[in-house]
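Each structure below is given as C-alpha cells.
In the two complexes that follow, subunit A is the common piece, with subunit B as its partner first and subunit C second.
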Partner chain A sequence: MSDTSTAVAVIAQVSKTDPATITPDMELVADLGLDSARALELLVELEDKLGIEINDEDAARLNTVGDILHYLEVR
Partner chain B sequence: MGAIDRTWPTSLSEAVRRAARDAPEQGIAVFDGRARNLERRTYADLEELALASARRFHGLGVAPREPVLVALPTSWEWLEAWFGLLMLGAWPVASSGAGAMAAAEAQFDKVERVMAKIGARFVVASETFQRQAVDQGFSFAERGVITTDAQRRAPERSFQGPRDAGDDIAFLQLTSGSTGVPRAVAISHRAAIHNPLASTEAIGAPLGAPADDWADGMVSWLPLYHDMGLIGCLILPLVTGLDTWLLRPQTFLARPALWLHNLGVRGTTFTPAPNFGYQLCVERVPEDQLASLDLSSWQVALTGAEMVRSETSRAFCAKFAACGFSETAFRPCYGLAEATLAVTFDLKGEGVRTRPAPVGADAGFAMSDVVSTGSPVRDTRVRIAAPDLSDRADGEIGEVLISGPGLFSGYYNDAEATAECMHDGWFATGDLGFVHDGELYLTGRTKDLLIVHGHNIMPDEIERLADSVTGGGGLLRSAAFSVARGATGEEAVVVVEVDDNDPQRLSQLGHAIRSKIGRAAGLPLADLVFVRRGRIPRTTSGKMQRGELRQRYVDGRLERA
Partner chain C sequence: MKHRPLRHRLEYSAYLALSRALMVLPHRAVRAFGRGLGALGHALDARHRALARRNLAVALPELDAVERCRVVAACYRHFGAAFCEPLSACRFSAKELEQRFRIEGLAHVEDALAGGRGALIVCGHFGSWQTAIYPLARALGTLHVVARPPDNPFVARDLMRLRERWGAVVLDRSGVGHRVVNLLRRGAVVGVVIDQRPPPGAGIVVPFLGRPARSTEVPAFIATRLGTPAVPMTCWPHDDGTYTIRLGPPITTAVGQGPEAVERLTRAYLATVEEDIRRRPELWLWMHDRWKA
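Coming up: the complex of A and B.
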C-alpha cells in the first residue's frame, strides 16, 4: 500500500468515515469531527503505520486531509 | 511511602525542603511524548535544581512577588521553571503551551492578554514558541520571553530566601471566566498546603489512614496548567512525600492504555481524572490489550473536574473488572481552582452512588441520575443558596457556596471579579446542586462556561472566532454554550444570528465558521444553529443571556432561520 492510501485508510478508521468519501479538501476538525483526542490518535496511528515521526510544529499545521497527504509527499 | 513530618509546613518552599529531607528517595518522573522513556529525579534533586533555577531567574532580573507565566509542556524544564520561580518568591503562573495540533495563534493571543491583565513582564517558553510568536508579530515576544535555553545559560545571582508564609501568595492558577481573559486565581501558601493535606485525609478515609500512609504514588496525565494536575498530582505528592509519575496529556489522549499500564506497574496508587478520561479508556483501550493490564493495586480512582456520569463509571467497571479494577475504587469528588482544588470527596468508598435526577436538574446535561460527590474536606463548608443568598433546604437546588482555608485570596488584579463572587467569606461557585444527608450533588451551573473534556472554555473565545468569519450569510452575532447528550459528556453548540436565509449562503457560512473554530480552537461543533436577527435573548442592558438561549435550544424552542 502506498503512503497515501495507508494515510487515507488511517484517517477513515480514526474518524469512522467511509474511505471512499474522503477528499483532500476535508478539514480534520470541521468536516471529520475530530476532537483533540481523536486528532492525537490520528497522529500516533499515522506515525506507527508509516514508521515516521511527526514533530509538534509540523503537526500543528496539519488542518486538512490534503495537508497530511502533502506532508507525507514532501517530508 | 513518604514519612513526612506531620506538622504542617508554613510555605510551599518549606514543603520542597522538607520533601528533600524527609522523602529523599521519592520524587517525580516525567515521561517523554510517546511514554517510551522517562526522566526521574528525587525531591532532593528537585530542591537543588529549583534553587539553581531561582538564582538564574534572579540573574535574569526576575524579582520576588512578580507573576511569571510558564508555558511549557509537562517536562523537567517545566518543573525547574515553576519551582525556581517559587523558591525565588516570584509567582509562577502555569499556562497552556502550544501542543500538537493546537492552534498556535490563539495560544499566543491568550498569553498576551493574560500578561497584560496580571502585569507580567515574562513568560518562560520554548525557542520555537518565541520564534513563532515573533513571526506572528506578537509584541510580548521580543523581550518578554525567557526561553529555556536562555534560562539554562543565565548567570546565577544569589538571593535572599523569601520569608513567605501563611497568607502570602504562593502562585497563581489560571481559570476561565465567562468573558474575555482567563482569571488568575491567587493561592496562598496556607491554602496550597492545607488543601493537599486535607485531600489525602479524605482520600484515605474509607481505608482508615491518610492516602500517603498506604500509597506508593500517583500516575497522572493531567495538564499542569489545570488545578487537578497541578495541585492533585504534583503539589499533593510533594507535600506528602509521595512518588508521582507524569505523562503528557497528549500521550494519554493518543493512547489511553499507556496511563492504565503505568498505573498498574507503579505499586499502590491513587489518581484523579475527569469523567472524560475514564470514558476515553472505555472507548479507546483495545480489547486485546486488556489481558496485559493489572489494575488491582489502583486503590482510588478519583473522578471530578466535570459532571460525573454514572454510565461512564458503570461502563469502566464492566470493561476493566477483568484487569482487577475494583468498583469501590471509584471516588467522585468536587473541586475548583478558587478552592485551590478539593471541596468535597466521597468518604464512603462504596463506589459511585446516585440519586434520581431531581426536578429542576439541567435538562441540557441529559442525566437520568445525579452522583454524590461526597462531603466537604476538613475545615471546609458547603451551603446551597437561593439567588438572594438565603439558605436552601436539604434537597432543594441552588447555587453551591463554599468557605474554608483552601479558598483563594482573590482574582489577581481583578478586584471587581473577586467582589462579584465573594459574599461574607463565602465563594459563589456558579455551580448548581443540592445537599442530601450532608453530601453534595451537582445538577447544573449558572455560569456561562463550556466544559468540554474537563477543560473550561470561555464562550467568548468561541464567539470571537465565529464573529471573525466574514462571507456569505451576513453574520450578525453569535453565542456559544455546551450540552451533553450522553456518556461522552458536553459538546459545543454555536448559535448565529443572520439576516439572510438563503440555504446556499448559510451552508457556506456554516462551513467557514466550523472551519475557523476547528482550526483555531481544535473544537468540533456538535451543532451550529442559524436564527433570525434578535433571536439571541438579551437583557434590557443588552447583555447576552446564554443560559436562556441554551434552555430554549434544549427545549426545542429555538426557531431556525
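Coming up: the complex of A and C.
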C-alpha cells in the first residue's frame, strides 16, 4: 500500500468517512469534522502507520487532506 | 481573539497597576488582599455564587445548606488569593522558593521519566496550582505547562514572562496536542490541568464527583499512545504563606490501548482531583459550569 493510500485510509478511519468520498480539497476541521482530539489522533495514527515523525512546524500546516498528501510526497 | 486595542490597553494598565502594587507588599499581605477581593466577588457575583451552591448541592450532597454557603464563601476568598499570589510569588528568590514550597514526592516524577516516554503532571483547578509552576520548574529544570492564555495579548505576554522565569515554558492549549506528543517523545515533563469542561462537542463523558461530565480525553489519549505515565500534583496553600506541593505515584498505562483505556485513564486522572476536592472542597473552582450538558 502506498503512503497516499495509507493516509487516505487513516483519514477515513479517524473521521469515520467513506474513503471514496475523500478529496484533497477537504478541510480536516470544516469538512471532515475533526475536533482537536481527533486531529491529534489522525497525526499520531499517520505517524504510527507510516513510521514517520511529523515535526511541530509541519503539523501546524496540515489543514486539508491535500496538505497531508503533499507533505507525504515531499518529506 | 477579538482585536480590541483600546480595551486591551486599558485592561493592561489596570493589570500593571495591580500587579506592580502587589509586588511591593509582603506575600501574606498579597494573599490577604486577594481573599478580600474574593469576598467582594462573593458579595457581588450572584450568578456564579448560585451556580457554585447548586454544583456543591449535587456533587457533595452530604453538606447541608449552611455548610454549602460557608464553602462557597471560602471558595471565593481562596480564588481571590489564588488569582493574586502568582503575581507575588514570581519575585521570590531561589532561597525563598525553597523556604516557602515544600515539595513531596519529586522522586515520582523521576520514576515516571525513567521509562523514557516523558511524564505528564496532571492537576485540577485546585489549591494553588498556578503558583506551583515556579518551584516545580526550578526543581525539574524545565517544565512545559499547557494553559489558556488571557484574551488580552499584553497581559498574556507579561504573565508568560513571569511564569517562564524559573524554567517553565507555557504552551497555548489551542491545538497543542501534537506538540505535547513530540515533547514527551523527547523526555519532557508537561503539566496539564484536566478538570474543566472542554469546548462544545469535544471530550468524552465520564463520572466526575458522581455525575456524568464531559471531560477532555486528550491527556489520556496521549498517555496510551506513548505509554507516558502521569503524576498527579496538588499544591496546598497554608495560612502562613507557605505551600506543600504533593506529587503522587505515577498512573501508568501500556502503549497502544484503545478507547476503553482512554476512558479508564481519564477517570483515574479525575479521581485524583476528586479526592482532593472531598478533602478541602473550598479549594476547588465551584463557580465553573462543570456539568453543563
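Keep in mind that, in the parts below, the second predicted complex is superposed on the first by the 75 of 75 C-alpha atoms of A that agree within 3 Å, B and C clash if a C-alpha of one lies under 4 Å from a C-alpha of the other, contacts with A are read in each partner's own complex, and residues count from 1 in each chain.
The definition used in the following text is that a contact is a pair of C-beta atoms (placed from the backbone, for glycine too) under 8 Å apart; a residue touches a chain by one contact, two chains touch by 3 or more.
For clarity, every value in this text was computed on a predicted model and none was experimentally measured.
Participant: After the superposition on A, what does A:23 contact: first (subunit B), second (subunit C), both or neither?
Facilitator: neither
Participant: In the superposed arrangement, which partner chain does A:60 touch: subunit B (first), subunit C (second), both, or neither?
Facilitator: both
Participant: I want to verify the contact counts: of subunit B and subunit C, which reaches more residues of subunit A?
Facilitator: B
Participant: May I ask you to decide whether A:4 touches subunit B, subunit C, both, or neither, giving the answer as first, second, both or neither?
Facilitator: Touch partners of A:4: none, neither subunit B nor subunit C.
Participant: Do subunit B and subunit C land on any of the same subunit A residues, and which?
Facilitator: 35-37, 39-41, 43-44, 56, 59-60.
Participant: Given the complex with subunit A, which residues does subunit C contribute to the contact?
Facilitator: Where subunit C meets subunit A, its residues are 174-175, 177-179, 181-182, 185, 199, 201-203, 216-218, 221-222, 225.
Participant: So in the complex, which bits of subunit A are touching subunit B?
Facilitator: Touching subunit B from subunit A are residues 27-31, 33-37, 39-41, 43-44, 56-57, 59-60, 62-63.
Participant: Which subunit B residues qualify as touching subunit A in the complex?
Facilitator: Residues in contact with subunit A: 34, 98-104, 128, 250, 253-255, 280, 284, 452-453, 511, 514-515, 517-519, 522-525.
Participant: Which positions of subunit A touch subunit C when the two form their complex?
Facilitator: Those in contact with subunit C are residues 35-37, 39-41, 43-44, 48, 53-56, 59-60.
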